[in-house]
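Encoded as structure tokens, the structure appears first; notes follow it.
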Amino acid sequence: MALIKKPNIKSIPYEEFKDNETLEQMIDQLNENGTNVIVTTADQLMNWGRSNSVWPMNFGTSCCAIELMAMGAARFDMARFGFEVTRTSPRQADLILVCGTITYKMAPVLKRLYDQMADPKYVIAIGGCTCTGGPFTKSYHVVKGVDKILPVDVYVPGCPPRPEAFYYGMMQLQRKMKIENYFGTVNRKEIDAYKREEEKKEKEVINTEQEA
Amino acid sequence: MNNNTYFGGILDAVKSLTIGLKTSIKVFFEHHETEQYPENRATLTFTDRNRFCLEMPHNENNEHKCIACGLCQMACPNDSITVTSEMVTTEDGKKKKQLVKYEYNIGQCMFCNLCVTACPQGAIQFNQEFEQAVFDKSKLIKVLNHPGSKCQERPKPVIASKPTATPQGQPAGTQTTGEPKTETGETPQQEKVAATEPIETKKED
Amino acid sequence: MTLEFTTIAPSELHAEMLRQKNEQKMDFLVNLIGMDWGEEGLGVIYMLESTETGETINIKTVAEDRQNPYIPTVSDLWQIANIYEREVYDFFGIKFLNHPDMRRIFLREDWVGYPLRKDDQTELLNKLRMSDAPLSDTTKEYFLTPDGKVAEKTNTVWGADEYVVNVGPQHPSTHGVLHMRASLDGEVVKRVGLVLGYIHRGVEKISESLTYPQLLALTDRLDYFSAMQNRHALCMCIEKAMGLEVSPRVQYIRTIMDELQRVASHLIYYACMTMDTGALTAFFYTFREREEICKIFEDNFGGRVIQNYNTIGGVMYDIQPDFAAEVKKVSANIRKRFHEYQDIYTGNIIAKNRMIGVGKISREDAISLGTTGPVGRASGWMNDVRRRHPYALYENVEFKDIIRTEGDTNARHWNRMEEILESLNIIDQLIDNIPEGEYQAKRKPIIKLPEGSYYQAVESSRGELGVFIESKGDKTPYRVHYRSSSLPLANAMDTACRGQKFADLIAIGASMDFVIPDIDR
Amino acid sequence: MFDFSIVSKWFHDLLTDFIPEWLVIGIECVIVLLFIIVLYAILAIALIYLERKICAFFQCRIGPNRVGKWGLLQVFADVFKMLSKEIIKMRQSDRMLHDMAPFFILTASFLTFSCIPWNKGLEILDFNVGIFFFIAVSGIGVIGILLAGWASHSKYPMIGAMRSGAQLISYELSIGMTMLTMLLLCGTMQLSEIVQQQADYGWNIVRGHVPAVLAFIIYLIAGNAECNRGPFDLPEAESELTAGYHTEYSGMGFGFFYLAEYLNLFICAAMAATIFLGGWAPLYFPGLDGFNTIMSYIPGFVWFFGKAFFVVFLLMWIRWTYPRLRIDQLLSLEWKYLMPISMFNIILMAIVVCFGLTL
């Protein structure tokens, strides 16, 4: 495992990041079959490019989107990271920052937007609403966490999170991107999160029926 | 020249456009006050009113102030706090509630401060640690009481020497030092809350 | 204020409403609230106001049949009733006779049940569906046949030969997830239809299960640009119902905060307007100043967008000692910078051409559409709640009524720009005189409102924002309704956009300055 | 002034000594091609970086600064990313046209790119109807945009492409007119000749004084519109049409549009520098001999790039200041204002040249 370096982010030491355990777990999973010097070096170059050029999609439904706007503005300039190229077309975006509540009516739209994005694509759930339903957990029309419909990479809690917290989430994502493999293995088994849930439910139904 | 004529219109347009150019180039050379986040981590400070994550301060003996009354759990509008408690019998034979696990779901919290104001003990408070992003959703649920921690022995109720104006307000003790503070911020009303509300929940349950 | 109702049977409703409108000059339909009174039946509350005399009247009508409730429409009298009645149909299943367009508006068309009915089992019946939401091009109209039975017929909304462009739900210029369907003829917009509910979060339903202090937190998230004012409205409504007096210090703080919030909101409006019309640099100019206001918010309440500041009977924290100095600094800075906004954008010939004479709304339309706030005032309708029903300290401060008569995008833009200065004036009058006192009134820990209906409106950044609470004397409200200030504005898009260019649709939308979560609630 | 043709001639002679002439020309073609591609890529990257930094400064921000020193490596990271992105194939699009569209735009910008005289004797395509050729090939770009909009089978790209068609064709006229104005002054269409004249007799913008300045301004406006850049960025109007004609392009397909946009900006600026500001000709003040000698020590391509980037800055300044026009306003600006003015300007220039009023 010596080949896989711990992902390094400018100005924040590795140890000070949260949730390093999950990250290390991911590294182990990705490199179960061993690594190769040449491939790893090429991977690192590719990952350097990818992780430093994350173009977010211009997506926002409510309050968190205002913080996203504030993040783009002068006080917290997101151009410093190279994130400022917000693409309005999902085809050109690498990352969808799910800013704000996702309702039942919006869920298919969000899923479609995600499907329209070109690989490799990433999802960050921003704010309480997208992590768990947040303030509207008790609502009849709010999706309780976007992980029900999309594979979420990073969760950023807050209501809404500060722009700095956004950056922190983005840097977490950068760390995740830096450990990925470009050549060779599959980075993540893309399972339709919603379908998975449904399948599970169906299985449960069958099981219970059998039991009955 | 009249702005409605052809040439007047052109002149007017050129004038207004030049003013625009002048303004933007002026700003071009201005000082930029961008806060550079990861670089300024050391100097980044917030007032204690900023609410980013709930915490339960422990003193150096690993003791907290929570008496597991469950008021915060009831005050929470969307159930992001779960208090698990057990009844234990103390040495002098009294039955007493004791905190087992204080779970707080930061992913669900809306930072409304109702739990902190509801707490009669000042056992919980919001901290200013905004770096909370994680990869795994289950990491968003935090256990606030440290492992093996105990409830602090409460000092004898002191008669409030300087009653503060409000039952709502900041947490009574923003405790950073380990010294057990006397709860002077309590008003009789809060005592009443502590006395009445748990009974009501039981009814509801 | 406590509401008194005149009850009218559904069969006489339309005639009575016509009389109210024509004879009593009740030309402004403030609010149309669907209600479920359980055994009593389903009903609607109409709140009317006369723009001439300032008189108000509240009318209540009850349809007793819970299975098939029918109430005659008033959408032919007030244009805004069209969308309000669709909302009531959506949430309560009350069918409005002769309403031309009885489709669901917030929920999916294949939604089962009516969520705001007390006996509805919405959550059981409606699971998350990942199929695309159906969008029908036809609609049903219910009407009474001469023999007194209800019949239905099908109306076409979007013809097969129309070139319909969907603006939204994910579009950079709808400031969220509004879905407008624009029928185009080349670049010219023929008409605009709204599909709402992409961020319908069911706040009104959740509110029915929350205690009053818990209720507060949700209001901030409705119209997040007017978070302070929203919460002010709700707190005031509850305080008045409880008979709780707040100290003058609180009144001062609240008024100042409301105005600061208004300035921040209008600065964001300018930013969005410039961004939508392609002037990307101007966007950053006002955001720069808005961040300074945000800094004050951070220091004083610990929130930037969502502040959680007002509480029942006071405010969460006392203001910081340097508050006055900071506010003065910001106010001076905005005044200093104000000309820059005009130099780079408003004064510009391109911007002028894009704004002057575009998206006109006449005064009659504005009243009928209920477009309060700067939009209504741009059409010459003086509708400031701060004047009509003064609250907090607005009786004691002097401020100018900013009113224009052109009704176009330019007038709306300038109204907001001048309101920034006017709000700063109000702040200047108050900031030095904040009296000492407690910032939180003493109150019982458990709040129960006496039985009755209460309504309180404030002038939010985009118009009249009202809170309606019906209490049955419990810890939780029986029904909460918010009069959205943005819904009428979004509804006015159709009137404003007809015959304009497609690019103008974006500019007009920006000049309306609606906030989508406030529309959908 | 150093004449680069000495080098190329020496190289050519050197090779012809050993191998047959046709092979030499073949080798030279390959070298030139490599030169163009490398320069194209470098310039695009430099321009994107510049744009991001300059726009940040206009917007009171600081721009990229975390990737590499001062964010210098930012665009390289973008390129790596873009190369590794998936290219989405859509079921309902016209696949062939959809894939071809970016190459039309690239071809147009490559061909125009080759016309630019970099230094004395350093031209790739240089013949007696240079300007004519330039205008002709730059018109290919519009086909690419129209195809991209049409083949995407989507409403927004279609609207964007139609807008673009109307816009580019209209503004091509103004560009033609302003160039015609300057041709009256120069009397030749060969680009190297135009620059040589300016080196000898002074920059065109000075020589042609009033009509030349007028033409320069009109050229800047029209050129900005030709590049689809703000305030004329209607075809891709972000806030209206999401991303306009290239909404449906992902990965390198979009990357080509992105590169071509910046290169077109550079070509526009380089042409302005060549025709109005004297190309590689140094700044001379008649009478100040010492100054002039120092100036002539600075190599020609430095002068050229200096001038071109100055014009690029002007164009960026304009872009980051003004709001976007509406389509009808855009067309009325062209047909009601720019066209008549540039026609009048031609006559004015003819009078100036005819009566020898040039400086």
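Each chain carries a letter (A, B, C and D) given by its place in the written order, and its residues are counted from 1.
Here is the rule we go by: contacts are C-beta pairs under 8 Å (C-beta built on N, C-alpha and C of every residue); 3 or more make two chains touch, one makes a residue touch a chain.
In this text the structure is predicted, and so the values were computed from the model without any measurement.
A.B. asks: Computing the C-alpha centre of each chain, which chain sits at the greatest distance from chain C?
C.D. replies: Of all chains, D has its centre farthest from that of chain C.
A.B. asks: Could you please state the distance in Å, as a whole number, between where the Cα atoms of chain C are centred and where those of chain D are centred?
C.D. replies: 49
A.B. asks: Centroid from C-alpha atoms only, then distance chain A to chain B, rounded to Å. What do you get?
C.D. replies: Distance between chain centres, rounded to whole Å: 26 Å.
A.B. asks: Compute the distance, rounded to whole Å, between the mean C-alpha positions of chain A and chain D.
C.D. replies: Roughly 39 Å, centre to centre.
A.B. asks: At least two partner chains per residue is the criterion; list those residues in chain C.
C.D. replies: Residues 171-172, 217-218, 281, 283-285, 288, 306, 344-345, 348, 350.
A.B. asks: Would you pick out the residues of chain B that each touch at least 2 other chains?
C.D. replies: 17, 20, 23-24, 27, 32-34, 36, 77, 110-111 - these are the residues of chain B that touch more than one other chain.
A.B. asks: Could you check chain A for residues that touch two or more other chains and list them?
C.D. replies: 10, 73-75, 77, 80, 88, 135-136, 138, 159, 162
A.B. asks: What topology does the chain touch graph have (line, ring, star, complete, other)?
C.D. replies: Complete.
A.B. asks: Please output the residues of chain B touching chain D within their complex, sorted ascending.
C.D. replies: 10, 17, 20-21, 23-25, 27-28, 30, 32-34, 36
A.B. asks: Given the complex with chain C, which residues does chain A contribute to the contact?
C.D. replies: Counting only chain A, the residues touching chain C are 58-63, 65-67, 69-70, 73-75, 88, 100-101, 103-109, 111-113, 135-136, 138-143, 148-149, 159-160, 162, 194.
A.B. asks: Which positions of chain A touch chain B when the two form their complex?
C.D. replies: Checking each residue of chain A against chain B gives 9-12, 18-19, 22-23, 26, 74-77, 80, 128, 131-138, 145, 147, 152-159, 161-165, 167-169, 171-172, 176.
A.B. asks: Which residues of chain C touch chain B once you look at their complex with the stated criterion?
C.D. replies: For this pair, the touching residues of chain C are 210, 213-218, 281, 285, 298-303, 306, 308, 311, 314, 316-317, 320, 340, 343-345, 347-350, 352, 438-440, 442-446.
A.B. asks: What residues on chain B touch chain A, complex-wise?
C.D. replies: 32-39, 41, 44, 52, 77-79, 105-111, 130-137, 139-140
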